[in-house]
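One structure is given here, and the rest of the page talks about it.
Chain lettering (A, B, C and D) follows the sequence in which the chains are written, and residue indices restart at 1 in each chain.
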Amino acid sequence: MRDANARYVHDGDTVVIEGFTHLICFAAGHEIIRQKRRELVLCRLTPDLIVDQLIAAGCARKLVFSWAGNPGVGALHAFRRAVETKTPPLEIEEYSHFGMVARFSAGAAHLPFWPLRDYQGTDIPSVNPSIRQVTCPFTGESLAAVPALNPDVTIVHAQRADMEGNTQIWGLLGVQKEAAFASRHVIVVVEELVDTSIVRADPNRTLIPGMIVDAVVVEPWGAHPSYAQGHYDRDNEFYVAWEKISRDSAALANYLDEFVLGVEDRAAYLALQPGLTTRLAATPRVCAGVSYGY
Amino acid sequence: MYTAEEMMTVIASRELRDGEIVFVGIGLPNLACNLARATRAPRLVLIYESGAVGALPERLPVSIGDPSLVTGSLMATGMADIFQLFLQGGRIEVGFLGGAQIDRYGNINTTVVGEYATPKVRLPGSGGAAEIAIHARRTLIISRLSTRAFPAEVDFITSPGNRSRGRSRKEWGMPGAGPVKVITDRGVLVASEFDGEMELAALYPGMTVEDVTSRVGWPLRVRDDLETVSPPSREELRLLREVLDPSKLYLKGG
Amino acid sequence: MRDANARYVHDGDTVVIEGFTHLICFAAGHEIIRQKRRELVLCRLTPDLIVDQLIAAGCARKLVFSWAGNPGVGALHAFRRAVETKTPPLEIEEYSHFGMVARFSAGAAHLPFWPLRDYQGTDIPSVNPSIRQVTCPFTGESLAAVPALNPDVTIVHAQRADMEGNTQIWGLLGVQKEAAFASRHVIVVVEELVDTSIVRADPNRTLIPGMIVDAVVVEPWGAHPSYAQGHYDRDNEFYVAWEKISRDSAALANYLDEFVLGVEDRAAYLALQPGLTTRLAATPRVCAGVSYGY
Amino acid sequence: MYTAEEMMTVIASRELRDGEIVFVGIGLPNLACNLARATRAPRLVLIYESGAVGALPERLPVSIGDPSLVTGSLMATGMADIFQLFLQGGRIEVGFLGGAQIDRYGNINTTVVGEYATPKVRLPGSGGAAEIAIHARRTLIISRLSTRAFPAEVDFITSPGNRSRGRSRKEWGMPGAGPVKVITDRGVLVASEFDGEMELAALYPGMTVEDVTSRVGWPLRVRDDLETVSPPSREELRLLREVLDPSKLYLKGG
């Protein structure tokens, strides 16, 4: 994780750590904080706790997003402080989920824009000049359009990949495929490194092909406190606890000191929390395979 | 006796017809769908913006992307499909919405209290709410009444209602019918067929017209045929308390 | 098959039987011929033998397509006769594959058009006025645009579905998902009807949700002479034979008389070809399952 | 001795660099890729428009959508991904093309011989060829020489070459470099860096300049540094004949 981040995440970069509640790569976010990256433009549909931590650590110059809350719990208080009291200042550019999905879709398809039926009657375009209109050349209708988003680097957490970065994900798929294809560089972080034969045995599960992947990092539990279907559950207790931690900037700084800056890597982070992996380990629920014979 | 949350959940569940395709959020809407499924709408299809279609969660999901929504669902797909094929594609029949501010036309603010550039309170933003409000064939709003939550005009329109920035949904070219009802803790507001303004159409047992109008920031119209809705049945309450949310994750009381 | 076709396929309809070499529903095409549907607008990327047969049988008024050949073999001679000598006359509207994919994508997303970087320097737009240009509202670039395709009915062959039409496909996925979502009605034809629990055990394999499906038909071997991954191989011998059959309109008519009009249903079609199912049955090659536990 | 098909396959295989991502068609290009993989480019990635990425077919695929292309591949995905993410996304480094007519700029016709509305011969059409010609970073054309196949101008431009309808690729805004080489049965034409016109750059052993120019429908430019390519090596021929196409599915002889 350290080497991949050092190589592909630079000050000022546009950085995406995607995953819709599922497979959010906290391991990568923590490493960015440890490496003291600055002036990042962070793009994520749901900033979640990971971006709250990056904002509090002073890594972010700007946030591009569509829903900035603590999912199922409440608010992101570092984000709120940054926006409400400018401590630290944070530029924001906001869409709805569909707008963000469309921006990644355009970026992935190498199109300059993506058309969508959206934003009529809302005030969102009045605070975001990047939401424009495009006219259909067949019907004359006016549709919303958003510009392509092409990050410098996208970090995707996944259940498994091979050495070449051929990556398989199941459960919620979010916008990881689009974000990866839209990006100049891609880091894949996996629960499990597998032989290529495992990937080739079930090619319909491959979400990201190795040809677009720059680095593969093996980091079990790298998505905690979010979850990895088939591996571990969401740590809802921590999401609830974050409400209290993030409300108080001193408590938040203490958290970062102890669990992020105070540890060397993910293994040390886990070692600080005995019982965690037992508490959250998934109960196996294996589906049947299908035949690829002919 | 029953709580306001229980009543709101029951009323919301009664709005769902069997076989309908519902875009669900976490909290009361989720519980309302489960109650509907356990009673009059066993074939309700639940879709979550996270990508789970036809979810049958074996526990109460704690977030919209809970793993229990995926395990045992009919389809787990990417968000591009959810927004393009299901929502924009016109496949969603009911959407649930809520928000910090709701105005007379059902416009909803989940973005900021105060000015956008210098907000008093920064809220989470749209998420999928803007497009749910635009595309779902009809939406149901669930919110507790208060003059703060029901101003005459919202500070920011995140999700458009029946009339926004001076234009009707038809004039904006929005496909869905918009918010047809606002389910509150004291009664139900229903959108006027003429101008889309929310009108008090039904009271909960024991509530008065003033209990509602005094908590709304505009002169609320009251329908001539004002109804009183029937309270939760014993069976509805039993299901909620003993089967669907025994640990009171959503139904915290009050 | 008979009832589903009778109910959802009418004279003059725009009809899609998709599947890119894989899972082409010949069973449905043959039933259309038996029911003597007329004036159909047939849309398919690769018309393949199925459309050659429908043209020869006089079912088609118009063909919308992108590659009209016998894949891996040569030409479609009924199609060629219709275009070269107008016997029977056939209106054509042609795109490239990407254009057809884009038309289905737009139809599925309920957009009036789809933008793509394509058709510069080719003569295709000069013979197809439905290929137009759209201007990007951000960069000012001019891109190609194609109109949405929204068929009256799409027929999808699949490995399995439940009674509600929740449909799982593996192997090549073609444009079946887009075609189904673009369509007013959807008929799913399956090798195997399964309990919903099978679908729910592996929800990432579901390509088409039951909510958009009007009818489910169980028709094993319904895709022969094309193939169904995990069930049976492509009947290349028949594809090669079609070159000779289709060159001669009398031979083609004889083929239709014997194997299509002369049989009542798919079972009778298979009964006419003893040894076929043994020759083409797939060797099982079952992948491992994944865990959906939490 | 060796056949023209064997020579064309060998020359095509030598054009591929290890690790490149190749959009493959059936027939000689498929065989050329397999030969490259068995010799100097073991890490070549084969993509088929049907949706198979990183295919490793255990038999010679009889069509572009052969099941053997899927079994054991790295990824099997929908065609929207193939055309939008891989091809339009700029991920394809080499595309193979062929056609009934090829002109001096490498424009290709696979649509009609004669007039479009009243064709002498109706050909299959574009398939994915138009967009491969536009988006692949470079394309290789494989075709036997004949004046019928190499007219000065094609009847219909299905896939644009280095200059079409009076404009260069740059003027058209095409991302890819276009057809860099035409691999024929007698020699190799290479696109001029100045104007994109195909020039005779290399002859096969035993062939003369006239063997090529007499079979091309325009005054073919011949490069000063005309080369003679080395014939298939014993190892290349052994692989083709004994390992890659022992049943002569593609290499029918001649």
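Assume a contact is a pair of C-beta atoms (placed from the backbone, for glycine too) under 8 Å apart; a residue touches a chain by one contact, two chains touch by 3 or more.
Model, not experiment: these values are computed from the prediction.
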Next on the checklist: Spelling it out: a chain qualifies if it touches chain A and also touches chain C; which chains qualify?
Outcome noted: B, D
Next on the checklist: Going only through chains that touch each other, how many steps at minimum separate chain A from chain D?
Outcome noted: 1
Next on the checklist: Looking at chain pairs A-B and B-C, which one is connected by more C-beta pairs in contact?
Outcome noted: A-B
Checklist outcome for this item: Distance in whole angstrom between the CA centres of chain B and chain D is 58
Checklist entry - Taking each chain's centre as the mean position of its Cα atoms, how many Å separate chain C from chain D? => result 28
Checklist entry - Roughly how far is chain B from chain C, going centre to centre by Cα mean, in whole Å? => result 40
Checklist entry - In chain D, which residues are in touch with two or more of the other chains? => result 52, 67, 70-71, 76-77, 84, 88
Item to check | Sequence positions of chain A contacting 2 or more other chains | outcome: 110-111, 116-117, 141, 170-171, 173, 177, 201, 204, 227, 229, 233-234, 282, 285, 292-294
Item to check | Those chain pairs that satisfy the touch definition | outcome: A-B, A-C, A-D, B-C, C-D
Next on the checklist: Can you tell me which positions in chain A touch chain D when the two form their complex?
Outcome noted: 108-111, 166, 177, 181, 196, 199-201, 203-204, 206, 209-212, 292-294
Item to check | Of all residues in chain C, those that touch chain D in their complex | outcome: 20-22, 45-46, 65-69, 71-73, 75-76, 79-80, 83-84, 94-98, 101-102, 105, 116-124, 127, 141, 170-175, 177-178, 227, 229, 233-234, 236, 239, 282, 285
Checklist entry - Where on chain D is chain C touching in the complex? => result 26, 49-52, 61-67, 70-71, 76-80, 83-84, 87-88, 107, 111, 116, 119-122, 124-131, 133-135, 156-161, 164-165, 167, 169, 172-175
Item to check | Residues of chain C touching chain A in the complex | outcome: 110-113, 115-117, 130, 132-139, 141, 143, 145, 147, 159, 168, 170-171, 173, 198, 201-202, 204-205, 227, 229-234, 282-294
Checklist entry - Which bits of chain B are touching chain C when the two form their complex? => result 21, 45, 52-54, 56, 67-68, 70-77, 81, 84-85, 88-91
